[in-house]
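By written order: A, B, C and D. Residues from 1 in each chain.
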Amino acid sequence: VIATSAEIVAEDFSFAYEFSDQDEVDLVIVLGGDGSILQSARQMGAHQVPVLGINCGHLGFLAALSPEDFLDVWPRVCEGDFRIVDHLMLQVQIVRADAVVAEQLALNEAAVLSGPPFHILDIDYYADGELATQYRCDGLIVATPVGSTAHSLSAGGPIVRRQLQAMILSPISPHTLTYRPVVESADTVVELAVTEPQPTTCILVDGRVLGTLLSGDRVRIQRSPTSFRMLRVPGQNDYRTLREKLGWSGSLNLRR
Amino acid sequence: VIATSAEIVAEDFSFAYEFSDQDEVDLVIVLGGDGSILQSARQMGAHQVPVLGINCGHLGFLAALSPEDFLDVWPRVCEGDFRIVDHLMLQVQIVRADAVVAEQLALNEAAVLSGPPFHILDIDYYADGELATQYRCDGLIVATPVGSTAHSLSAGGPIVRRQLQAMILSPISPHTLTYRPVVESADTVVELAVTEPQPTTCILVDGRVLGTLLSGDRVRIQRSPTSFRMLRVPGQNDYRTLREKLGWSGSLNLRR
Amino acid sequence: VIATSAEIVAEDFSFAYEFSDQDEVDLVIVLGGDGSILQSARQMGAHQVPVLGINCGHLGFLAALSPEDFLDVWPRVCEGDFRIVDHLMLQVQIVRADAVVAEQLALNEAAVLSGPPFHILDIDYYADGELATQYRCDGLIVATPVGSTAHSLSAGGPIVRRQLQAMILSPISPHTLTYRPVVESADTVVELAVTEPQPTTCILVDGRVLGTLLSGDRVRIQRSPTSFRMLRVPGQNDYRTLREKLGWSGSLNLRR
Amino acid sequence: VIATSAEIVAEDFSFAYEFSDQDEVDLVIVLGGDGSILQSARQMGAHQVPVLGINCGHLGFLAALSPEDFLDVWPRVCEGDFRIVDHLMLQVQIVRADAVVAEQLALNEAAVLSGPPFHILDIDYYADGELATQYRCDGLIVATPVGSTAHSLSAGGPIVRRQLQAMILSPISPHTLTYRPVVESADTVVELAVTEPQPTTCILVDGRVLGTLLSGDRVRIQRSPTSFRMLRVPGQNDYRTLREKLGWSGSLNLRR
């Protein structure tokens, strides 16, 4: 039996359904763009149910199916002619005096950013407990492969294929000119500490503020035991999306 | 007669001397790093006096003279064996309902940045009154050639030789992947308007908040009638500074 | 009297007309894309005549007028309702044992590149006779503002407004990670020397090989006394071209 | 029993020892820099023996042990107090008319590059037999994680931690401005076809020409069954190397 919460989402845009382990939901159909899917992932939290995303506007990286394609695909979905693919999610925690004071799952990325007075951030990066390096920058993004085509990409990060178990660390406006994005193993426990946080130094998860960082806080980012699960329907293709979303089909070539 | 405010700067770091047109100051000697020179430029405002910068720590882009070099050079400075070079400064204004509500001279750059809730910024860029493009980004930097080795460089901007009459527009984390830094003529009147400013959307001048931007505000940036004037002493050389400050001498080469 | 060589170009694509000082040509209409205009500039050499470019396919950076626009604009062109704009060209010379052994005008760029065996290039860059820096890279591009949207852009160079009197030095795959593109004054005499040229180390001008470089050769690049002259017709606008050619109108935005 | 071929390498720099399956070699000690280790990997081919690299000059990414460190570490190596770590190598083949006409193992990268007449390369990239995208560029690098700090890094690629099973595709001077480096799964069969090869279009493996590409050729790149095996000694640390080799310790910070 396939139960869809699509109507709920579509009706009220309130993302109000409360998922739990008692659910008998097999599939969530998300009508909307990538933002709606991101929102659904947030809403499901530790109770991830497979998602099928239908884009109602432009093609998305996640919502790769148009409404027309959906009608073609749906009968085969009901017959089970599809594959559920697990995507890495990150558990993001603010650790203060050895206690976790806030946490959230990330499908795209966690980002340390700062507002007024906009001083340079010094961010110590610990990999598995050992100081790896100190970033001097305007911000630092730790992204999943799914998130590699979102904020991290605009900060200069690479596109990472989704099946890779990896995290991408992309500094924003790095003041050390030799910094380059780093692709880390997803098994690494990443900890970030801002040396002198400003009143507005925050950790964002998927574009939303999780909390403000105080001096001594550590942001701990590690592989979540929960995956984001997405239905892979025939015809979907990551490179096709890149060609269409990023103009890789060649429409924006330079002359020479 | 050469009067130095060096002692004042050195003694109290308060940058308290008030410059005016009545000054009979011929030269300001700044002891400190690039930050101190930036501070001096701010302090002098519309009353710029030629500056000689002595770095008391690391070599700077502006404070290119070591204390030892200074002792060698000083007698020749007194004999007038030097040249004063004018450097472009920018007049940065917040225009609200046709009135200028705040303004400041920039030696390095003006930057539109935002804090919580850290939404993407949509910044309309008008060149001489005509809409040139809309940036979607985390921030936008408009730098002078002197400032091209500061914040703009870390955001991906080019190094622009100081004698060029130019402004550099460098977006931070641009969401349109085809954006590249633009080097504009210094005679262009640049106006920036943030479509939906957030409570913390600010315009910074040389790293300090000039003001918060409201909806409808325009930031106007244009060539200042006043230049920053710096003594060019023998031995100073922009490329030498690049080699030493940025390791262009080749110490950080990759193998292949 | 307006004489057009458009038919010649259109008929045979042979670019065979020989321009001279005795010409009574007031205007050259180039039908084709940016490549045809580049070819015309090469063909005219030291005898540059104002050019009006009509793109027969996609919008170009130089051929910014569509055939339809042309019909609208033509009567006003005949009435002299237009402005001729000078664009910087570079004189590129191979200097061997104090003699110029080859030379060519560049409208877009000069580039030092190498083929087999594809070793890293060490290129000494002299600015006005003084060693500025040594590039270790796969190649080095010296572009005009017009050429800033061509090869230089793909190598990471900035977009430079055409009225600026500047050259852009953009290294290809620089092995020193702190290298950034440099925007030089157009009055600088740029000289490049490849320390150990390989058999295929060449200097290209506007995409064509000018010559092979031997050990001891210098490539001298400086402002040409001749400018490329282009008719500026109403409606033309550099930023519009950027919006349309590079998708700056926002069609390729990332989600977040 | 530990047999070293170090003396051979050190004596003649000829890399002449022929490795075979009959070898009773447990460890190869390479004296030299990263280049020597690269050379050793090439020399061992399908018969990889664990390597311990001692840098005789600067710190290397691979030769991370100084001679002094070696003396400290050696007794513990003899006691077996070390771990052998496998590193991904790529099998690079030129396929012509369904036959493999040349092949080589890559420890760093394979690169498609071109010489005179230096036209833009159109490179079709097939991922597991399916056309993924077409690159328009000056070259294309497919690197291992070990090679991510070599040529790929200078072309804008990310740093990829060595334990990841990944390949990095980094285009050189891409003419489509939205191209970004892609981190692929190491299990992908990568095939590259140059649409119109020039006489000098080559495939390089670890910096050496493997062969010239003809029209119709495919370059096939896939995970090698053989790994490069390196001794991991206490004190070695990838991030330390980044800090020291790339100046990540902060010595090249910009002011602001």
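Everything below uses one rule, namely that a residue touches a chain if its C-beta (ideal position, glycine included) is under 8 Å from a C-beta of that chain, and two chains touch if they have at least 3 such contacts.
This structure is a prediction, so every number in the text was calculated from the model and none was measured.
J.: Smallest number of touch links from chain A to reach chain C?
T.: 1
J.: Out of A-B, B-D or A-D, which pair touches the same way A-C does, with over half the contact pairs the same?
T.: B-D
J.: Can you tell me which chain lies farthest from chain A, using the average of the Cα atoms as each chain's centre?
T.: Taking each chain's C-alpha mean as its centre, the farthest from chain A is C.
J.: Have a look at B-C versus C-D and report the one with more C-beta pairs in contact.
T.: Of the two interfaces, C-D and B-C, more C-beta pairs touch across B-C.
J.: Taking the mean of the C-alpha atoms as each chain's centre, how many Å separate chain B from chain C?
T.: 31
J.: CA centre of chain B versus CA centre of chain D: separation in Å?
T.: 42
J.: Between chain C and chain D, what's the gap in Å when you average each chain's C-alpha atoms?
T.: 36
J.: Identify all positions of chain A at which a residue touches two or more other chains, and write them in rising order.
T.: 151, 153-154, 175, 177-178, 180, 207, 246-247, 252, 254, 256
J.: Once bound in the complex, which stretches of chain B touch chain C?
T.: 120, 127, 130, 132-134, 136, 148, 153, 157-161, 163-166, 168, 175-185, 188, 237, 239, 242-243, 246-248, 250, 252-254, 256
J.: Touching residues of chain C toward chain A in the complex: what are they?
T.: For chain C paired with chain A, touching residues are 33-35, 60-61, 108, 149-151, 153-154, 177-178, 180, 207, 245-247, 251-252, 254-256.
J.: Looking at the complex, which residues from chain C come into contact with chain D?
T.: Of all residues in chain C, those touching chain D are 111, 113-119, 137-139, 151, 153-156, 172-175, 177-178, 200, 202, 204, 207-209, 246-247, 252.
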